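First the structure, in the form of C-alpha cells, and then the observations on it.
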Amino acid sequence: MKTLLVGRWQPFHKGHLELVKAEAGKGDVIIAICSANRSHSLTNLFTAGERYEMITGALDEGGVGAEIVTIPDTGNHALWVELVRRTCPKFERVVSGNEFVRYLFSERGFEVGEPKFFEKEKYNGTKIRKLMADGGNWKEMVPKGVAKVVERVGRDRLRLAQRDSFSKNE
Amino acid sequence: MKTLLVGRWQPFHKGHLELVKAEAGKGDVIIAICSANRSHSLTNLFTAGERYEMITGALDEGGVGAEIVTIPDTGNHALWVELVRRTCPKFERVVSGNEFVRYLFSERGFEVGEPKFFEKEKYNGTKIRKLMADGGNWKEMVPKGVAKVVERVGRDRLRLAQRDSFSKNE
Amino acid sequence: MKTLLVGRWQPFHKGHLELVKAEAGKGDVIIAICSANRSHSLTNLFTAGERYEMITGALDEGGVGAEIVTIPDTGNHALWVELVRRTCPKFERVVSGNEFVRYLFSERGFEVGEPKFFEKEKYNGTKIRKLMADGGNWKEMVPKGVAKVVERVGRDRLRLAQRDSFSKNE
Amino acid sequence: MKTLLVGRWQPFHKGHLELVKAEAGKGDVIIAICSANRSHSLTNLFTAGERYEMITGALDEGGVGAEIVTIPDTGNHALWVELVRRTCPKFERVVSGNEFVRYLFSERGFEVGEPKFFEKEKYNGTKIRKLMADGGNWKEMVPKGVAKVVERVGRDRLRLAQRDSFSKNE
Amino acid sequence: MKTLLVGRWQPFHKGHLELVKAEAGKGDVIIAICSANRSHSLTNLFTAGERYEMITGALDEGGVGAEIVTIPDTGNHALWVELVRRTCPKFERVVSGNEFVRYLFSERGFEVGEPKFFEKEKYNGTKIRKLMADGGNWKEMVPKGVAKVVERVGRDRLRLAQRDSFSKNE
Amino acid sequence: MKTLLVGRWQPFHKGHLELVKAEAGKGDVIIAICSANRSHSLTNLFTAGERYEMITGALDEGGVGAEIVTIPDTGNHALWVELVRRTCPKFERVVSGNEFVRYLFSERGFEVGEPKFFEKEKYNGTKIRKLMADGGNWKEMVPKGVAKVVERVGRDRLRLAQRDSFSKNE
C-alpha cells in the first residue's frame, strides 16, 4: 500500500520528518507539496523548488526515502483530487492534518488518516515562520538540510514575513 | 422579453422558487448558476452539477420552467458580463439581489431589476447553510427536490461547513 | 438511468434531433455543449449561448425535453471527465460519436455507447458548415428553431467560415 | 538608465504625477499599470484601459513623457517579475512604494528604490477613493485629465465603492 | 476619433511605420500588440516587451506618436474584443489587415477599416522572418530602432526560426 | 553540479535509462517531466503520474537515483524557464535533445548540453508509440518497471493512439 502525505511544508520541520519516518515504516510514501504555485507570502514563504530541496535534504538526513510531487492550486475544489491522482504515482491511502483535505479524498473513495504529529506544540509551521520573521531560533526546529536552503534563500525573505506590505500581498 | 436570474443558489430554497414563479409569469426565464467553479467551501457548499439538479427538481415541483446555465468566475470583473452574454441564450433583462451584479449589467446597457424576495428573513442562504452545518431543520426551507440532492451529497459535506479548517480553504 | 449526450453541436441539426428523440425514449437526457469557450472559428462557428438557444428551439419543435449544460475545454484531458461530472446533474451513461470521448468516460467507469445517427451522410456538421460558408441550402438540414438563431447571427459569420484568415485563427 | 515605476494607480493622482516628473528628470521612465485584470472593486476601481487613459491625460498636462505598460496578476509571485520583464521595454531600475515589490525585483538582481512621494498624507489612493465613494472633493486631488475619465466612467461606479455588496466582490 | 491598429508586429517593419504615419494624420492612434503572451516561435518570434521597444524606437524615428498596449490571447474569441476594449484607452475605429479581426470588432458595433499597406509585397512579416532565419538582408526592411532591438536579442533567436524543433513548439 | 534532464518521456525507454546512468555518473540529476498537463493524446499518451511511476520503476531497476519533478505547459514560452527554475531544486546545467529547449535555457544563462542517446535509431519515442498502437513488440524497448505501468493502463489507451479521433483531440 502506498500512502500520500498531503501538506504545504512551509517549511518542512522536524515534526514532519518524524511523520515521514513513521509512515515509511508501514509502506511506500509520496509527499505532495501543495500550493506549489504559491510563494513569497506570509503563509507560503518558500517556492515549490525550495521546498522540494528542503525535503530531499531532510530525508537524506533522516535516512528515509519518499517520492516527492508538486501540486499547484486549481481554483476549483471539485477538480483538485483528480489533479492530485493524475499527477502522482498510484496511491491508496491519504494522510493529512487538514480535515477538509481528508473529506475531499474520502468523497472520492480513498482511505484517509490523520497524522500523529511528533511534539505538535513545538514543531508547528505558523510558529516557525514567526521565529523566522522575528530573527528567533528557528534553526533547531528544522533538519539541517532545511536550514541550508533557508539560509541560501536569505534573511530578506524571512524578514518580510512580518510586514504589512507582505501580508497584503498574500 | 427574456429575463436572466443571477445567483449562486447555495442552496436553491423556497424563496428562490417563488421568485422564479413570479418572473416566469412575466416572460421567459434563464437561471444563471454563478461561481460554477466553486464548491466544497463555507459559502459555496455545492458543485454546479449538484445545484443544477436541485433547481430542476425544484422547478418540476413548482410546475414552472426555466433554462439553466452554469457560469464560472473569470477573475476579471470587466469581462464577466461578456462571458454571461456569450454563454446564455439571448436575454434583455437581468434580475439580481446583488447591487454589484446589477451595476455590471447596467454598465453594459442591460435593463436590471431587484428581486422581490418571498419572506426574505426566513428564506436566506447564509441562514440555511448554518442550519445545515448545525444539524438544524434546513429541510423545511427548501423544495423536496433540493432536499433529495442534499441528502445524497451527505452529512459530511454539511458538517464541515462549520469548521475552521473548512473556512480557511474558502 | 440518465444519459449524457456529448457533442459540440456546430450546429445542432436534424440528425441530432432524431438522436435526442431516440435517447429520450429510453430515459432522461442531458445534452453537453462541449468546447463552450470556442466560437467564431471554422469548426466552432457558434458561441455556447447561440448553441444553447438553437437546441432549446429544436427540442421545442421536436416535442422532446432534455437538460442542457455548457462545458469549456480544460487543456488537460485527464481532468475533463471530472469537470463534466461536477458540472452536470448525476448521470450513469454517456453517448458520443467520438471514440476518444467514449474512452475517457469508460476509463472512469461510466457505461458508454455509440449514437445511431439518422441519415449520417446527409446530416453532418462539416458538410452543413460548408453549405453555410458557400451560401448553399443549409436550412433544410436544421430544425426551424436552429435556422432562426443562425439567421440572427448573420451572413458575415457564415461567410468567414471559408476564409484563410478565419482558419488561421482556429 | 531606464526606470520602471510599479503601481496600481487607482486612481493616478497629483502625487503620482510629481513622482513621474522627478524620475523623468533622471532618465527614461516606464509606468507599469499592475493588477490590470482587476477593476470594479473597492480597491481596484478602474479598468486597465481607464487607468491608461488617465495617465496619458495627466502626463500631457504635466508636460512629461513615459512608456505605459499593463500587467495582469499571475497568481504566482515567483513568476511575476519574469512576466513584467518580458512585457516591458528593457529597464534596469525599479521604483515602488511597496516593500514586497521591491524585494521581488531585488531577488532577481534589479536595482530598486523607494519613491519620494509629494505630500504623501494629502495625495493617497485609499483616501481619494473614500472621497469618491462619499461624494467628497476628489477632483482637486487628481490632474484634470484624470478627472475627465472618472466623470465619463460615472457616479455609479464611485458610489458603489462604499457598499458592502461591492467589497464582498473584491 | 481614436483609431486602434491591431497586429502582432513580428517584427514592426517600414510598411507598418508608413501605416501609423497615415493613420496619425487623421487622428489619435493606439497600437495593440496582440498575442502578447506568445514569443520564441516561428511566427511569434519576439516577446511583447521586445516588440514594444521596437515600436517606440520606430515611432521616434518616424516622428510620429501613438499609445501602445499589449494584449494577450484569451483562448475564447467571444471574449477577446471585450478584453481589448477594457485594456485600451477609449477608441471608436479599428484598422486591421485580418478579416477575422475586423469581423469580431464589427460584430460589437465598432467602425472597422482595412489598412492601405505601403509596398505590401516588399514589407511583409513572413518574408522578413524568413530573411532573419536565413541570414538575409532583413535590416533594410525595418526602421533602425527595430534593428537595434533585433540585434540585442541576437542571432540565436533568429536562426532557430528555420528549424523543425522550433516550429514543432509553435 | 546538478543537471536537469528535460523531456516528456512518452514513454521512458531504455535509451532514456542509459542517459540517466551516464549523467548520474557525473553528478546529481533531476528529471523534469514536461507537458505534465498533457495526456491521452497521440504524442502525449501517459499522464504525469503514470510517467513518474514509470521512471521510478526504471531507476530502481537501473540502480540509479534522480529527483523527479513534473512541469505543466505555460502557454507562454517567455515564462517557461522561470517556472522550471522555481519548481525544481537548484540546478546549474540543462540537458535536452530539443534545440529549442536548449536555447530557452541558454538565453537565461544556464549551461546547456545535448544528450548522447544510446542506440538512438532503436530507442525512440515516436517509434515506440507506433509499436504500442499497432500491438507490436514495444516491451523490449522499455525497462520492466515501465512495462508494468503500461500494462496497468491497458490496451485501450494504446490502441487509440492510431486513430483519427484521437489525433484530432491532440
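Per-chain residue numbering starts at 1, and chain names A, B, C, D, E and F are given in the order in which the chains are listed.
Following the convention adopted for this analysis, contacts are C-beta pairs under 8 Å (C-beta built on N, C-alpha and C of every residue); 3 or more make two chains touch, one makes a residue touch a chain.
Only a predicted model underlies this, so the values are computations on that prediction, with no experimental measurement involved.
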**Complete:** Label-sorted list of chains bordering both subunit C and subunit E is B, F
**Message:** I'd like to verify one number: the distance from the centre of subunit B to the centre of subunit E, where each centre is the average of its C-alpha atoms, in whole angstrom.
**Reply:** 44
**Asked** Roughly how far is subunit B from subunit D, going centre to centre by Cα mean, in whole Å?
**Response** 36
**Fill in**
The positions of subunit B in contact with two or more other chains are 39, 47, 78, 86
**Message:** Please list each pair of chains that are touching.
**Reply:** A-B, A-C, A-D, A-F, B-C, B-D, B-E, C-E, C-F, D-E, D-F, E-F
**Prompt:** Given the complex with subunit C, which residues does subunit F contribute to the contact?
**Reply:** 37-41, 47, 156-157, 160, 163, 165-166, 168-169
**Item:** Residues of subunit E defined as touching subunit B within the complex
**Value:** 76, 78-79, 82-83, 86
**Fill in**
In the complex, the residues of subunit F that touch subunit E are 75-78, 98-100, 103-104, 106-107
**Message:** Give the list of subunit B residues in touch with subunit C in this complex.
**Reply:** 36, 39, 47-49, 52-53, 56, 67-70, 72, 85-90, 152
